[in-house]
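You will see chain A twice below: alongside chain B first, and alongside chain C after that.
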Partner chain A sequence: MKEHEFRSCGEIILKMNCVIPGVNIKVFGRAVHSLSRIGEELYVEPLEHGLALRTVNSSRSAYACFLFAPSFFQHYDDGSGQTINGSGKEEEEGEEESIRCKIAMKSCLTVFKSVYTLEKTVERCKIKLDMNESRLIFQLHCRHGIVKTHNLAFIECETLQAVFSKDMCPNSLRASARLLCDAVQNFQNNQEEVTLIVKPDKILLKNYVEDEPDPTKVVHTELRLEPEEFDNIQVGVDSEVTFCLKEMRAILAFAEATNLPISLKFETAGRPIVFSIDSDSAFEANFVLATLADTMTQQRVSSQAESKTSQKRKYTSNSRPSVKASNKSQNSRKESDSMHVGRANKTEEQSARINEHEESRRKPNNKSPDEQGRSNRLNAALSELMNDDMDDVMLDQETREEISKQPIPPASGATSVSGRDNETDRITTGSPVPSTSRENVSPLIPLQSSKPQIFNITTEDIEMKENEEEEEEELVPGTPPSKRFRSMFFGSQASTITQSSQKALTKELSVLAEDTDDEG
Partner chain B sequence: MALSTQQSNDDDQYVLLAKLDNVRHVSTILKAIHFKEIATLFASPMGLKVTVEDAKCVQANAFIQESIFHHYIIKEEQVNFKINLTVLLECLTIFGSSAVPGVSTSLKMCYAGYGCPLLLILEEDGVLTDCSIKTLEPDEVLDFNFLSTNVINKIIMKSECLKEAFSELDMTSDVLQILLSPDPPYFRLSTFGNSGSTHSDFPKDSDMVESFQCTQTQTNRYKISLLKPSVKALTLSARVSIRIDNRGFLSLQYMIKNEDGQVCFVEYYCSPDEDVDEAEH
Partner chain C sequence: MRFRGKLVDISCIQHFTRVLGTISKIIKSCVLRITPTTWYFILSEKVVSGGVQIWCELPQGHFFDEYAMDGVSAEDNEIYLEVVPENLVKAIRTAQAAKWIKIKLTKKHAPCLTVEVDLPTVSAHSRLVVHDVPVSVVPHRMWPDYQEPELPQFDVSICMPQIKTLRNIVEKMKNLNNCLTLAANYNGELKLSVSTDMVSVSTHYQDLVNPVRRDMGSDEDREPQAFSEAKIDIRRFAQFLSGQQVIPNRVICNIVHKRVVHFYLQHEDVSLQYFMPVIAT
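Showing the complex of A and B:
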């Protein structure tokens, strides 16, 4: 407390202080450029284990995150008060958290406008947060002693987090950027989506033309990629995933410039595809793109999946009606989104997500016993979903103590639990080491969306959350943003709820399971 | 050059006659001040001075001294007229503006006096182009009364590092603030745009700074829209001299070297922004 007061009346309060060495400035600049091709706002979050830059596109069907590890920097201080003046450390920790903020992508882009000159002239780049002036400061120290200081206005916000998993995806490809760039070059510039088809014996990439008024009148491009050219291929489920080319190009632009291989992890249509780039320990990038939920593909895939793969992976199938329904409810979700502020979102999204699942489960139920079997698996999937969130707690929350004080939000009530799965997952995710905990995420990939949030939690917020929770369930909230992309929910809330849901899971496993069954 | 002898007999009728082997020596300099359509041309025995003004606040002068031309005759003390600079530049670059090695366009420029058109004869590889551009009644140009004795702060630096700073100027900012001071930060360019403020600091001991003569701290703001056109001159130049007088008027002098190593000067004057509210930062 004392420490805090002293600093606020005297010196400028600076949170976070990072110095990027000249050799890495190009990578950082490229990352910003790549992010700028996806979203219009840049979320900057200094974390203990690195500086996170994230963005989400306007339709929330694509999410990108760069995490620059402390080793990427010449000097790294996340501003949580743990590295500055050791004496004041303990006092600070309780009340101050690291700041999350967002800035306009455009303004950040002006800092890193020309990657070429950056590389040539910048010797180091300092990044600081000035809390007095509410400015995010980029200071470029260039050759000849020239210093360029950019004071960018920022808005404090909640963390932007897509909940996704990549490590248990049945399908995984790893290729050089070059290979994928060459492949993608063959598509026309105005091509919106491409379909990636993987089968044990072949990998195809073709342009998606089914949304054309007359598919016979457009150019069809189909590329067969030689499996030998990939660094690594793992195909667990035959699948066809359709995703936006624009975002993929953003990823490739970065990967090509940095000359790093790209890993693609995906499941089936309708489930997000994750592109990741990993540079030893210096930084990692994850791009999560929604894939198109296509009836035809879905059905085919699910039938294949049933015969071939383990039970766990089959929950993905979606029938046409459920997609429609979720699209409809998307609107209602959006409305309620805009209605509220505070920490409510995640919970709501969570329930939205779950409802969606309920729906896709319910409809099939009316149709065939086979579908019913699937609904059971869906239950398992749902429980995995909850576990997913826990990982994010580990990843992004420095405010655990604070959050755990909150009442358990009803969201967790929606969790349908199949105990066994949970048990195992919980153990793995319980690891406090963030980077590793992420590795253990379950294969369900709900992405949670929410608006940037006000930082402080008040009791009001919590109440609101509960209310909205209920509302939301009545609305049968659903999915996704643009087109027929299935929903990706991005949560700034990840931490809050996940924390509580974790608690819920540990305490009330059996009860929760019953709840959900009733609903179904 | 390949102009006939008969024509040269007619040359007597012109009050101004200039010949040049490589038209690019003139066209590049004129491009550096081409931010308005109409320019005023002053010809004197010293050479040509072309002036462009905007908003009664900024003035750009390009000096093309007599030695740039291989033939330069003027029969009067001073000849001046206004001309459409856009058209003049289009004519001068009619054979293309990019440098092709081994090929140069020669120019013969004639002006017969008040009310007459400016005649241009361009020749490249035996291809002749005749141009006749109407001249306009000359107006008075601004006199900034910028005296070197009133200069308070002056920096001469290599253009290279300023080029970047100027090309990256945040155009959402209304003003460019220039700080010159004998104390740190010595020389600072600041913009205040939508997304926040930006400062570029140039230390006086930088190897980019060739001369640093600042006597007192001065902070002045200039309309960025008025200064932005000077980037054209800046990009062409090798050195720039930045001077600010006691009234806050800004003089930017650019030294431009052409392909033959000859030196020309382009000069910008700009008046400070009136409503200077107590400058922060």
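Showing the complex of A and C:
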């Protein structure tokens, strides 16, 4: 039964149309399940070299992409121009006016709910993306002539693309899914992150406990794997990378179901780790996970800051919450006034720091001498942040908040001398240096100097002192270092960024454009 | 203080896991008392915080192939540790096909019971996983708090029917009210009842066995038909029943009229006593 499409060749309305044969439906279903464990939206993009399904998690620390080659399908037409029947061979280079859309992951998941029954009953699955009807259509042709049609509403969007490169990584491991699954099973389900340590003679997996409220109350697990157990191992630099276990489990679930080996490519802490499944010619999967930035630098900074602590402490007593409130409103007014500076080298983690400040400022019992409790609170705030959706808009507002404060001199003569000394010191370090690193070709986003250089330099110096004090709180010795996943996701943002926020991101986006085309 | 033990036999490992699993289902945190012959898991709640008491004995010879310990001193050759049984269970859960498990008392980031597992692999390679389960050492002066609870004079003592069927009944009753009345007599009858303003449900068991106790002489003047009853927290009871991962050879329920319910579970040499206080009405 051949599907007959009525379409004139030069039509402007784009239509994607493809058919998955019954034998491949399981893989496709598993892929959707795997993606659903990472993100909440599924980005569908038919390309001439295959259908891409992508997603990114809410904190933008994990990105997943499946690319199903035309040979995966019984029939594949990406809708950009010529129709090809059977296995896709040569295809004419259509102009880059492809269709992209995103759908809610949940709605897609309902189509492929039970992979087991899909495998048993579905003979083929048609996927149609019709811009005319604004629907993404999944049609499951089951046995006994039953046809299930799902019409999913979608949103047109930009390409979602993480910037990463697999080829440059000095470290690579290749292992069977079984090995990695068995290894990961030893970690508790509530464990958030895991650290992978590679040395030429040994490979270790450890649970990451440093951000726990009380590390002495946590089970430490360490698993040692013999390098011989891996299919292939290449260690260029000894490294320790920490990434989220949840996403890794999503990858492993897919790899285990399809029984395909996984390659891990990574560099050092702070650089993304890429999991790929590419041994099947009909499809490939890439998962990019952010890794925690090196904690060594942070520790150094915190010990430096500690030396300044005693000096600041004397200011802490005269804080007045009411003043704070009024300052805050002033701040926000200034924020909206100043729109002129675009500072590109802003990272997510910094915004996290800003938020952290906000968080601790809101706490009414700020002056509690119980430092342990404080650091716990900060941790709680931080972990909350990690789970938080790092909304671009919010992030950018924070950027501007920071920017707006930088050029304003510490106003009014009320500023005390010693306080001011510190202040100017900081400002110079934190001044918006014309960013060089960001414009590099490397996808690495530079780790900002680990200390937050955010101050509300306003008319009241009390406010300023409080900030200092908060910073000091943050650097309580023994406080676990904050989590710092580097951001690595771009693209698709353009659609969500509000007009006001676009300015600051212009640079970022222009850099991205180069990388966006070729996909890993 | 030193402790190390090694489990090798696969059935011992599995049995050990099940016993710990049962404990972890009913206790969040408890004291592990290690003596040269026995492991004890002890929970001794103060009356204000519920008054539950649990006493579980595991003779080490049944489980460990190697067992070595040094207590606090020669005369007090024992170790008391506060542990979260669930952490131990999680550590050995993946070890169900392990070649061996070693359990050691170590000093790492904190005092730990270190569980080392040699995991099975398809190839000849060894795959070692180490779990450091944090514990805290109970000081010697606190030891008297964790002595074996004394058995009160029971009004009635009866063997319980199959835990599985009881569990189903109690799970249903749980939806009706928060407390359940457990009543039994010396005529082999057990009654579980729950009542609300709207409904009253009771389940009767007959022809159960009343175990004979040596010190029962004074009770001979009792009416065999007279029920002794106790009102207990139904969630706690349901949790106790559903936590059972070992099917014990014997489950005895002892009731002190309107004071306490005592469950005694025995399976091979492992025994567990659970003192469940009554709810005041």
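One rule holds for everything that comes next: the second predicted complex is superposed on the first by the 276 of 520 C-alpha atoms of A that agree within 3 Å, B and C clash if a C-alpha of one lies under 4 Å from a C-alpha of the other, contacts with A are read in each partner's own complex, and residues count from 1 in each chain.
Convention: a contact is a pair of C-beta atoms (placed from the backbone, for glycine too) under 8 Å apart; a residue touches a chain by one contact, two chains touch by 3 or more.
All values reported here derive from a predicted model rather than from experimental measurement.
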item: Combined model on chain A where chain B meets chain C, clash or fit; value: fit
item: Which superposed partner A:Asn186 touches (first chain B, second chain C, both, neither); value: second
item: First (chain B), second (chain C), both or neither touched by A:Thr117; value: first
item: Which of chain B and chain C A:Thr216 touches, first, second, both or neither; value: second
item: Contacts of A:Lys106 with chain B and chain C, given as first, second, both or neither; value: first
item: Contacts of A:Leu152 with chain B and chain C, given as first, second, both or neither; value: first
item: A:Asn132 touches, of chain B and chain C: first, second, both or neither?; value: neither
item: Overlay on shared chain A, then closest C-alpha pair between chain B and chain C (Å); value: 6
item: Residues of chain A that lie at the interface with chain B and also at the interface with chain C; value: none
item: Interfacial residue positions of chain A with respect to chain C in the complex; value: 178, 182-183, 185-186, 188, 215-226, 228-229
item: Residue numbers on chain A that touch chain B, as the complex places them; value: 103-104, 106-107, 110, 113-114, 117, 121, 135-136, 142, 144-153
item: Contact set on chain C toward chain A in their complex; value: 87, 90-91, 94, 108-110, 112, 119, 121-123, 125-134
item: Complex contacts: residues of chain B adjacent to chain A; value: 161, 164-165, 168, 170, 185, 193-203, 205-208
